[in-house]
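Data block below; observations after.
The first chain written gets the first letter, and so on, giving A, B, C, D and E; residue counts start at 1 in each chain.
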């Protein structure tokens, strides 16, 4: 895990530095002084060889110091920490909604295979796969956010609430709702398709036949045998789904003005905020690893076959 | 309450846009003004005039300003503000006097130390911002202080409790538009003093609860997304009528929608002109327009900048070295059509490198390069750029193929169309212009390439905002790194020097110097101005009175609302 | 004289696990067995599922890596060199697989399946190759037009014959038959078994015949080895094993074979229970403290039984 | 001598036929599934039309800006209206579709090639080869590809269709490789592979001539679905501004116009046709892919 | 032991699978009855319809693709015409089922105890504690040494024999009157097979249930069955008490089959081979004697046009008259 992250960090560090321009390019105005900007570049060490820069950076990282954001002028860890929480909560809510939508649909489609219900669900899942996130995002935003006014349209929280009150927390959730719904509506394809075919497969499994031969109601056969077993691989995907959502946050956050990691990343790219870019990519890489680890853990919890006793 | 322009397809007529709006209705008691900050990224939240870098932070700070000088329509300091300015030309000194009885938003009195404080921060060795620049070093003792040789800046002298005397190495008329190193804002020294300069950026005094002199004071901040301002009871012009202001970040893709649905009263800062078609039909707003302090131009690479000596030198062999070629390229552009179709007249053909807002310096008599294909062809023929191989494209006088590589910046929603259109215009007169990387260049790379005199760039489309001091020294001077065309002549240096010379303290002399410079630039066309810009503001109908006129003394404390919520 | 010897063969599979997915243990799939093959004889390998029969077969032919031990073919040590293309060993040892269906590439026509070893080992012209294929098809009793078909168009027994045709294409000396009939129905099984015997007589083949069906093994084999947990418990001629089984495990196995004699089933059941009881009682005498089978010791010229030297006298 | 073996009657009834997982089954599957059939035909006709008509359009001419035709509504002058630059949408739609499809096609091809080769080889050999490749694959999975793509795109100075294809391909082969590896792993354990090994067939021959054909239906499904996904990917990147230059017509460019609310709401003809075309392509490809998948999986077969 | 009372009577059962919109009967007019206290073995080669017959009895088919016609009479009702709910009252409670593959027949994610308990929940009024007690008893009864521990384990933690015991425990959990065992030992080793078979016959002795034992292994039949029915191509072609069948087989198929077993004493002889193949379902001849294509040396006239079962001795039935004329083509029929 560590070596992977190390390679990733080196890669991204070099690539980030290769991007034209630097954090100070953005300061160019007629009123600013080109010499002063040069001086600042010098001070920031941009003229050192890349390996010196990288060594300095990685030594810092080893000590828990990810450097300072060039644009926000705060330690990267603080900056990302704030945004990461936003994104994580948003992703979590999205996942919950996604499963709330996808599981019943996948189950229905699998159970009533080749009926009209199944066909419409499959159609929906393909359509949602084909719609670009930002198109639906904007439509939802305009419709539910502005026209109907059901949801807040930007930000993470209403400024009028005191921190850590109930209303404050609710306001936070309320702000996440629309982006999360958008995400959930669009992200269901994989889960639906997977669940559907799992259920179709499970239906013809021997243990289902055994269950039926016990004379328990078909409803129970579905709930206790087919669903449970079909959900297992989905559960294993949970970790990956979350990391997948984190990646998709880039789209959602910019549409819904939700200050999270994705938005921060886009901004850091355009302002060449190296330290933030590197840290973010690393964090995403780390989360992906964590996601797969989480998947393994979940799998080993829910699947007795790989449970380590 | 919709503005002018009934003809929905035609261009907007600038004269129809008001600078002031007055809406009917009884003003309500208090109320909160809702302001949208149109940006796709969170604001940085550095609420200090000495430290901020992001213009969004500046837009926000506008509601709780620390500004001490007030300026007139031409951005020259007048005596309406907290402080007044007296210039001692002979001794290169400026004397700043502050009014008595002015209080900070926390109730503390404004002291002369508060005026000195910003200088001490900017000049400090730990200061990491851009403002420690050539101008600042003009203050006597600034360099020594910055290098740690002195504890304070020797050129700053507290004369008495209300008077500050600043000594400069040299003075120019720019001092009246708060240039030459003069600083226009106060910092609360009773708070800042206790915080080491290196730690200021992270301090609560900058991030969470800045103390200000403006009509409103910071009440609450949700980092990166919204700010709540409350009325500043101590405001020296009288407490505001509003209870407060809320500024909230709104993604640019939905800002028009936000305005239409009455989520906000106005935007912080102006809206880009390209947004105009999105908002022009809204019935709940009035659109105000204000000329911007900027211009777009077409630049020609004529030389190189030597980074070690810091001096530009011309290259007589440069592809664009022929002034005729440059002029013809100017005439060939149908900028008028672009302005009309894409900017609804909110941009106009520029004839000069000085925006018209600077009335005394702007030379309206200049003809500029208006669209004229015949003339362009004529000049090219004359100069020997003729098509010798029959491909409808002109060759150089030497008979070589002429391919002009252009750099154009991405970002503006119509940048692509505009650039393509211009290239078509040039093709129409037989000039083969191609994009230097095959596509528009993103902001960072663009400046990287243009500033480093990338050989792949022959011409470039860019824009400058001039700031309140239109002096061309920083942009066209021999030693300026921002003199991207690298055009320098002794004559030009002379003309620029005249503008900022001592003699120029005489307003007519300075105006004349500006005129001569503009004329010279027009004739030699190292850059050709293309567009002047106008900013638009959308004001919701519940705002009783709003004014974007630079000359009037409208102030935020006067704003009143006629309804509890913005009108839909 | 035996043309091939297997000496103290071990095949261990690593068990990976733990956080770093490294080797935490080994499965001793084959744990020290020795065999010799003589021309024209059939050697039976019997045992419970998972005792290492298939692994032995695969190790011999080179599909599994041998952990230790030696394989000597015609006096040459071929232990881990057997995957060399075109080696004579490769040509002379062939295999018939349990699942005829999966051992035939479903995408290939029968002629290509049979031609595979021919093309690899024998440099024949197209015409000769065709003739050879026809000849092989005739040997396994299939019409010539079968060669244009795909495997799935044949019945289980026919598929197994195609597999056999392929195996004998290069005139091998030894065929390893890993449960060649256990997936087949009784009547088809009979076909295949008959057929294997026929070609053995004709071509002078030797078989390593792997099976868990003691009836089939008895029918087919000259020599039989009983395998348990990767080791031999008893080894001898058919008569040795069936008439005078010595090892308790062999006895247990034999007593469990169902017989087509309903009249005597009560008696057999009693006997079975007796053997089972014995097995549990006397187990410790036949296996060491780790449950590992003792080494084989000869008790006659042909008959070997696993036991400690000391216990030799007990039996 | 052989008469007792050959059940002549039932044997002769088999025509010479391909294996059950081959094209026959696929054809049968399509005949059964009207929707898939319709999709296939529709897809074929659309693609053919696009590629034929595209040949008659001059891209330089098409991409000429004429400001006065800005957002011209669908009508006489422009069949599908015009975009911001007064350029015909219908023309861009066709060229754009051709470009986008070509990109998606090549990305699919390259990733398919790498993914299948790597997957087959690692799955077949196992052991340390598998270990090394799995490490590499794991590493690629750790990489937040969207982010790295964005960084790469900003980094590369001259960024054209070719670069775009290669950048995409760098990251997208991993999924295919993983899938193919797992299939190849199970396929390699099948006895016909063992049989070939014992008969001295070369490893490369076994991998590409024996195993690959047997995975063909899975590979086809994977490639179809990848293709559909890749058509979508270009759209997303164009939206973020990291796609193709706007002067190159592409479906992504057209759809990303919808980012402007005015266009989204009022100038539907700019983005909607492209969106619908993408939707159609994706649906059709998916339905076709589904039918192929069903024919590969006996359990779900309709016929 | 009294073998008399008929528990289950099957009358002219036809079960067809739909292949390309046509139903083909895999079980084609089977009539047979199961008596109390008896083990009825149904033998036949792969594909002859044994499993189809078994699953028809408790209606476990996919109703969209299967058609069941005929009578399956149990306690005055025809199981073939009952609805799902009514069937559920019979499944598990009155008729238990044992499947072939002991690994896949158990839900890998459920504890053994739970899986056994499941049918008790629906078919008994026992309390939770009683049910647990009963589960432990059942496990003990099928010979699992440590019931408490096993009940808490998952299927993959048990050996094949243990799993098969668990499945038997499930089948007998509600003391059913009938147990249907579809190839219960095919996947097991001989030693374990012997144990399971012993267990089955013991259980049968204890509970007095009727057992239908489906297998293709004639050895298994000889070990435990009381009565045997031989199936070929969807039909029963011979039915007899077990001793009678092995000592006096009549039908050519039965005789061929018995002759093809590698007998313990026939080492170096050729095995008898039945030529030809079992025709596939869609190609099955539906008229005349279905076995006739495989004994072509018996003239057509020796077969019945509509073969029916003939009682040749008490309780011994044979289909078609061809058995009277049957002789092996050549002794020790060789391949070539």
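Assume a residue touches a chain if its C-beta (ideal position, glycine included) is under 8 Å from a C-beta of that chain, and two chains touch if they have at least 3 such contacts.
Worth saying up front: this structure is predicted, and the values here are computed from it rather than measured.
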Q: Please state, in steps, how far subunit E lies from subunit B along the shortest route of touching chains.
A: 2
Q. Between which chains do we find the greatest number of C-beta pairs in contact?
A. A-B
Q. Quick one: subunit A and subunit D, Cα centre-to-centre, how many Å?
A. 25
Q | Distance between the centres, which are taken as Cα means, of subunit D and subunit B, whole angstrom | A | 49
(Q) Taking the mean of the CA coordinates per chain, how far is subunit A from subunit C in Å? (A) 55
Q) What residues in subunit A touch two or more of the other chains? A) 19-20, 138, 142, 254, 266
Q) Of all the residues in subunit D, which ones touch at least 2 other chains? A) 1-2, 5, 7, 154, 157, 259, 261
Q. Hey, what residues on subunit C touch two or more of the other chains?
A. 141, 155, 191
**Q.** List of subunit B residues in touch with subunit D within their complex
**A.** 253-254, 256-257, 277-278, 337-338, 340-342, 410, 413-414, 416-417, 420-421, 424, 437-440, 442, 444-445
Q.
Applying the document's contact rule, which stretches of subunit D touch subunit A when the two form their complex?
A. 138-139, 141-148, 150-152, 154-155, 157, 228, 232, 235-236, 239-240, 255-256, 258-259, 261, 264-265, 271, 275, 278-279, 282-283, 286-287, 290, 299-300, 302
Q: Would you tell me which residues of subunit A are touching subunit E in their complex?
A: 205-207, 209-218, 220, 224-225, 228-229, 232, 302-305
Q | Touching residues (chain side subunit D, partner subunit B) in the complex | A | 63-65, 67-68, 70, 84-85, 154, 157-160, 241, 245-247, 259-262
Q) subunit B touches which residues of subunit A in the complex? A) 19-22, 24-38, 40, 43, 71-74, 82, 138, 141-142, 145-147, 149, 153-157, 159-160, 254-257, 259, 263-264, 266-267, 270, 272
